[in-house]
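Please read through the structure below; I'll follow up with questions.
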């Protein structure tokens, strides 16, 4: 039960400090693992999402269908999808990666489609009118104009993935989730609270840092002239 | 009928017109916002007579909207007192106070999730009126503002034009029959033609009800058209002049007023003359389906070269020349969408605008129900201008515009 | 009638998925034979209990969250709360980033295992979306409509109840719906701290190497999430006032 007097509270802080001592490298490694997993899955998810959006955005029916599917896909509980994936793929990194990449892609698909479709027809028409080929228009005009919206989708994705990645430890996947699960399995034992707390806090830190970096990326890459 | 606009407006209160309004008095009212060096409104003393329309005009930042909002205490005065009728309302419960004052803002401010009827009934419901009374009042008000009750009662604001929304806004403000009506740039969000119609409608309503109305506007023309008196404010709520429009145009009190009113004041006089004050030409009317030769015969007898086609209520449908009429056996049922019509309360300025918009040399004058009573030609308007100019400038040594040569300085 | 004509795609798409996957699962369930171990979890009486437990957990948490978050959101949009609001909003944003499983485990260390702790964990996790949506929903009501309401003599309370809240309902309901879906999924994690839910079916399936359990748990909870999302969508459509987008 939660101690209410300051002596015991100070005791908790001391415990935490003791726990952290000497584990710097270990914690650093787990943090790096978790961040790297999040980074890679968001990257893969984004690329797949943008490719799908490019393929689909000019067709209204498919766009609507893809948008709805991506939104519905987000209702799938992460543990459920993870469990389903270990049947064919076993435990470890593979199902973890696939699940996270899948969830990372969903917000980005939605935003990418909306962003690409929001490029005014008049702009596309004038680009065609001056003779730009389709692919050039896509890469020089549509994507840059859709980029702010896509970036917002990536931010949502990243925050979600960093949090959800905590549960892949259940299937022996990498990352800080293992700290939380280990803490849980030792419930009541030494260092259980410290492990779970450290794991949780570090995950929050990673999420905030990534979000900050994405905001910075936005400031650097969003062309002036687009709000 | 007493007309409340020309001559001395000050003594119209005791005339034949009904007055249901209450007087308003601002006594030493100040509004000072914290952290600002100058007050938004410095000591303001103002007396508004019951049954008058007063227009507040001035450049942005002069405090006209702030002053308006202090009357119904949407903005609380820092100092000073406010009287409505004989009541000191400075300390009253603000919500109750506002329930007894009508308030109209730009684009109506209607509640988007309520129908027109529900919007109008908003305050009556708060006051506990029964459903029957509210329904009757709603029908009366919609008719008053010129909207067909059956069509509009259940409409949603988003399915109405800006002008229609504004009319409902006025109806809502009048729902509980308040003695005072406050309007903040009420006609700013509509096109000029609609604005003119709404202004005429307000004058007609005022004629029937005699409320005390305060209107904030940045448009001096609108102020002179609507106001029995006009209050010109400069920065900080400083009163530059508070007088009838005629007086302001004839004798501007300060250089600020002169500059504000503009050096083009000669044509501004057109806003002082009403359609009903000048001569109308008679019109020959015809109904749809009448034999053309009869109609042409009647017209020729009167010495005119055109006729006005009217419907059963006397409302104008088209304005064809006799040649056009002669092309068919009977008068056709064609309705001209660009027919220029004005009300008796419209200013000559409105009349000129309508003529230009329709590319016609005249306008049709209608009465309060929309039936055609005569025509006003551009020649009449020009005569009025010449007459006013010569009156104003006689003996001044100024160049009259008839003598003005293009390209030389006046 | 007019409203039906403008049915958006997700109103029929989700039921389609639900019917397809639901029927598929039921058919499989009927036809398959279960070993005694599997029977223990997947037999109909046990399965029904598990599903009901999950729903109970979700609904309890939802009711509590709504009762806390919506009034709190309303309070935070009032004038007097102006200085406090950015602090709370920023704190909420940071909190969003916390992993659900971390929150639940930490709470267990403080409050012990079981149903009650699971509910607390779910409540804490879902407060943020509803709070944010309530604040955004009320803030996006046109200032001029509010001014008009106060100007004609509506009291502050009446304006809130008859004007601001109805106009904020679509956004608030959307937040509740999002939170509900999150809760259905997060409720699976309660199994780690001793509260039964469909997540228990999944974890038992993993631990004992029983794919049937695992797949059943996953599909059932997926179906449940879809059903709740769809019902939420219907409520949104019905509860949106006529004159509002």
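A few points about this structure:
By written order: A, B and C. Residues from 1 in each chain.
Heads up, the rule we're going with is that a residue touches a chain if its C-beta (ideal position, glycine included) is under 8 Å from a C-beta of that chain, and two chains touch if they have at least 3 such contacts.
Fair warning: this is a prediction, and the values are worked out from it, not measured in the lab.
Ranked by how close its C-alpha mean sits to the mean of all protein C-alpha atoms, the top chain is C.
The leading chain pair by number of C-beta pairs in contact is A-C.
One inter-chain figure worth recording: chain A and chain B are separated by 60 Å, centre to centre, where each centre is the mean of the chain's CA atoms. Centroid to centroid, with C-alpha atoms defining each point, chain A and chain C lie 21 Å apart. Distance between chain centres (mean CA atoms), chain B to chain C: 54 Å. Chain contact summary for the complex, chain C toward chain B: residues 142, 144-145, 147-155, 158, 163, 166-167, 241-244. Residue ranges on chain A touching chain C, taken from their complex, read 1-2, 64-65, 68-69, 71-72, 74-81, 83-84, 86-87, 159, 162-167, 170-171, 177, 180-181, 183-184, 187, 192-193, 196-197, 199-200, 203-204, 207-208, 211. Those residues of chain B lying in contact with chain C across their complex are 72, 74, 95-103, 105-115, 122-123, 126, 156-158, 169, 172-173, 182.
For chain C in complex with chain A, the residues that touch the partner chain are 9-10, 13-14, 17, 94, 96-103, 105-106, 108-110, 113, 181, 184-186, 188-189, 192-193, 199, 202-203, 205-206, 211, 214-215, 217-219, 221-222, 225-226, 229.
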